[in-house]
Amino acid sequence: MAERDSKNNAGRQDKIWRKLGLKDFEYAMIVDQLGREPNPVELNMYSVMWSEHCSYKHSRSSLKLFPTESPRVVQGPGENAGVVDIGDGYAAVFKIESHNHPSAVEPYQGAATGVGGILRDIYTMGAQPIAFLNSLRFGPPDNDRGRYLLRGVVAGIGGYGNCVGIPTVGGEVYFEPCYRGNPLVNAMCVGVMPLERLVLGQACGEGNLVVLAGARTGRDGIHGVTFASEELSEQSEKDRPAVQVGDPFLGKLLIDATLEAVEKKLVQGVQDLGGAGLTCALTETASRAGTGLEIDLDKVPLREEGLEPFEILTSESQERMLFIVEPEHLSGLEDIFRHWQLPLTVLGRVTKGRLVRIFYRGEIVAEVPAESVAGGAPAYEPEGREPDYYRELSSFDPLSLPPLKDPGRVLLNLLSSPDIASKEWVWQQYDYMVRTCTLQGPGGDAAVIRLRESGKALAVAVDGSGRLTYLDPYLGGMLAVAEATRNVSCCGAEPIGITDCLNFGNPEKPAAFWQFRRAVEGMAEACRVLEVPVVGGNVSFYNEVEDEAIYPTPVVGAVGLLEDAGRHCGPGFKEEGDAICLLGPEEVSLGGSQLLKVVHGRVAGRPAGIDLGMEKKVQALLCRLVARGLVSSVHDLSEGGLAVSLAESCMAGGRGAVIELPLSTDPDLALFGEGPSRAILSLPEKNRDQVIEMAEEAGVELRVIGRVGGDALDICCGGGRFLKLRLDEMKKAFEEVFSWMMS
Amino acid sequence: MKFGVIVFPGSNCDLDAYHLVRDVLKRDVEYIGYDRRKLGNFDVVILPGGFTYGDYLRSGALAARTPVIEALAGFANSGGLVLGICNGFQVLTEAGLLPGALCRNDSLQFRCRQGYVRVETNTLAFTGKAKNGDVLKMPVAHGDGSYYAPPELLRDLDDNGQVVFRYVDRDGRISEAANPNGSTANIAGIANRRGNVVGLMPHPERAGERALGSVDGLVLFRSLIGHLQDREVAGNG
Amino acid sequence: MAKVEVTLKKEVHDPQGTAVENSLRALGFDGVQRVRVGKYLELVLEAETFEEAAAKIEEMSRRLLSNPVIEDYDYSLQEVE
Amino acid sequence: MAKVEVTLKKEVHDPQGTAVENSLRALGFDGVQRVRVGKYLELVLEAETFEEAAAKIEEMSRRLLSNPVIEDYDYSLQEVE
């Protein structure tokens, strides 16, 4: 049947694969794998599944570099989300995903459906979602469009997350001109479940039923994945079908109904419908299980009449789930969904053989091998070439700039620059407390979420590095992993796994691919040394507008485990008189620093390198210090260097500090230089000797540089004073600028 | 003594209220499904926060028209104690069980933050263990929390002691900065005339454990428990 | 088909309207004097007569579509096949 | 005065409309076939002519009041003093 169709249409579909984003060579591969020409429905199925977004054709070979195993890993990349054992019979489940292009054309709905999508990936595995995080990049908020995007994206993330009742506990927001036309919206979700509840996205068991639940299918988002696999252009604004409207209410009901079905063991396999819709869900579940499917498209509940089979198969309508169910469990499943007034429809069944056969009005409209559609796309080894800017920018020496005249002014400047300023304007729009498990919400190095079942807690953080990866992709990749894991360590949690979202330009351009490849190599190296596995992630290529690419931006979501929820640590100075210590190596640089960007308007120079062995020692030491309750506060040193971190610890604790730096210090470098593997601690005097001893044993530098007290940050050096700022002036600079900018 | 927590489609703080009553206060608590037409035997019924029916159309509007609300109205009319938190408050106003309405925050944004409310009347079952003027630290998290009442109603509420909580600063002073949503006269919570139905926008159930930053919300629940115990004693004697 | 407009009563503060008004000014539209934001609903319903339809819409508007404490409503009807 | 109606495009899913529709049915209103929920705006603005007013409203609707990616708009004008 399918064959006859394809012959009939052979003439008409003349190179139509090109319009669907397939290359001639790829089309030839399809014909080869299928043993005949595909008919138009089949070609549509192939084209969405072989898009970059679904097939990872330009990234697959690089992603193999990531270490994906550890004694804790239960499920690495390849399923909807990674699963890591956290003891007591429980597992943490997490993943991050991009929704960049939809957010560029409809910021509210683009971001909202991004959150809805990543949420489904978590409960699809059987896990109760417990936290959202997000990583955002925009153009400078100095114009209406920039503010419009920021406002819409933040409202959309809150709109969805708040409504489904999962707290949004952390994230990051950065601004660079390169993100002006192509903002980045990466959403992460973390869940927890009893290990025995794990279900996979597999269509196993011949004779089992294939069931579709949730929203009706409409014309929205048809070919959304193709849209995500192209550069943005004028045309994108008109690409209406690629944008969907989220329905968080339905989303919330689907979570509850799905988890109840999983708990009652009524389902054999669960798969969410996301990119490439039904086509992806059907072919992936069948291909993972090595089975076939027979599906009756007439059964799919439609929102409007007249959808063509290919439209039903590729629609990305939100809030839909696919279940594989043993026939005797169908009525149990129906009871649950009826209670929540959610539609549930049997579409077909699992068969022997590996063909996905689609019926429509009594005829076979598509008959394709699941593995070929889901996994047969070519893996490219694109050419990479070092871009011209690279050497030129690295050769810039920031120390050639004149010394700063007034470091106090500069610190205020930095505190009120959009990258560093308090993001409370953003997170106060997120319900970060719902579920009453948030022990530390947004604003710290990582968020801490308690686990009611075990008395343990998870620390979660998300960090990306655009500017530094631009200046040195290999280093930037390492730094992203190091910073995210260090952030959870600062709360006292041991990093147990990461998920990553790789936001890059067009991989078919050698410079962009070189950035990608080097960044992945750096991340992989950092994961190896730090012994944290990558258990899942997402790649977003083609982040370009009119040939201008974004900074290569790897974003890392880290999850850490705290054995005792009662013992976690925050960044704020707590006790008058506590000693303040600087932990970690001395090496810093102004290359790629915020100082250079904010004060001198330059993005250049060599960032400080990282000694991953030292990073590991620092992180392990931080965990030990917090676990033993020896420190009052811990805060990671990152953007803006020592001065900014000290100011943040002062503001977070509502206390001043008096700092005395060693004599030989170059003030600009000491105050504002940036480097990895460092943290500011404060601790009671009585613990001082023990902490120094532990640092020595660990082989980590630790210097006492001052004490907590007063109502100002006072930084001196050998009798001279670098700067002195009152808490209230710092707070004003830090806290008010964002709301002012956005109003 | 038994607490009930109504679960509407889209409720999401049901878990938090349930957890607080069961695990922190160690009292009996049961969920009540939205499709129930009879409530059963409860002493206090809590309408939890969340986004019932997505808060589509208006916050709380669709939930206020479900069967369980008719049963709840019966329960309230016969003197049963009803506490609406956040979305629960919105449902109660939409259902006409509390006067006034909750409008969009004047910032037009969802607001989640720690804050303070002042106890304005301690003669209710809900506040018996507090003193008038007590300042309680409790978070808010809502997008439609701006309480509106026409002037005559406002006067009535004041005259009858129906204003239960107002937003204040840490020192108990009413100020614009302390008002998270533009609410009329900084009103954060009100009671019905009879005093057995109370709704408030802040989340007492999120202020019940030290690890979460405040235990001030407990006074509401302790007051209710105290009230019920007194009633039992009186009933037995 | 019924088109229902639900608007905030005049006495009720309309922050959305104010925000739209300010944004329009910021975009350089002058001469904007007042903006109010409400809801618009389209309902397709079956009815034998116009009167029946109107009665239904009245009741729906009163009982669900508007909140009489803060909102007014208005509607128009037109026939569709 | 201009009355502007902003609605989701027909092909776009309208969760609010669906929820209201279900709720109306549950309340016993039968014969309701489809509900869509949109925005309604009233703008008072100064203009010399109807054409000028119409042009202004067109532009406002396109640039601010709606997002053409997912929404359509419609408007009517009437004179007020």
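Chains: A, B, C and D, in written order; residue numbering restarts at 1 for each.
By definition in this document, contacts are C-beta pairs under 8 Å (C-beta built on N, C-alpha and C of every residue); 3 or more make two chains touch, one makes a residue touch a chain.
Bear in mind the structure is a predicted one, so any value in this text is a computation, not a measurement.
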{"item": "Chain pair showing more contacts of the two, A-B and B-D", "value": "A-B"}
{"item": "Distance from the mean Cα position of chain D to that of chain B, given in whole angstrom", "value": "35"}
{"item": "Where chain C and chain D are represented by their mean Cα positions, the distance between them in whole Å", "value": "9"}
{"item": "Rounded Å distance between chain B and chain C, as computed from the means of their C-alpha atoms", "value": "30"}
{"item": "Multi-chain contact sites of chain C, meaning residues that touch two or more partners", "value": "27, 39, 63-65"}
{"item": "For chain A, residues that touch 2 or more chains besides their own", "value": "247, 249-250, 341"}
{"item": "Contacts with two or more other chains, residues of chain B listed in rising order", "value": "53-54, 56-57, 62, 65"}
{"item": "All chain pairs that touch each other", "value": "A-B, A-D, B-C, B-D, C-D"}
{"item": "Complex contacts: residues of chain B adjacent to chain A", "value": "9-10, 12-13, 15-16, 19-20, 33, 35, 49-51, 53-56, 109-113, 139, 141, 143, 203, 205-206, 208-209, 211-212"}
{"item": "Chain D residues touching chain B - in the complex, by the definition given at the top", "value": "15-16, 19-20, 23, 26-27, 37"}
{"item": "Chain D residues touching chain C - in the complex, by the definition given at the top", "value": "3, 5-7, 17, 20, 23-24, 27, 29, 31-47, 56, 59-60, 63-65"}
{"item": "Residues on chain B engaged by chain C in the complex (per definition of touch)", "value": "57-58, 61-62, 65, 93-94, 99-101, 103-108, 146, 148, 150, 182"}
{"item": "Contact set on chain A toward chain D in their complex", "value": "105-106, 109, 215, 218-220, 237, 239-241, 243-247, 249-250, 303-304, 317-318, 341"}
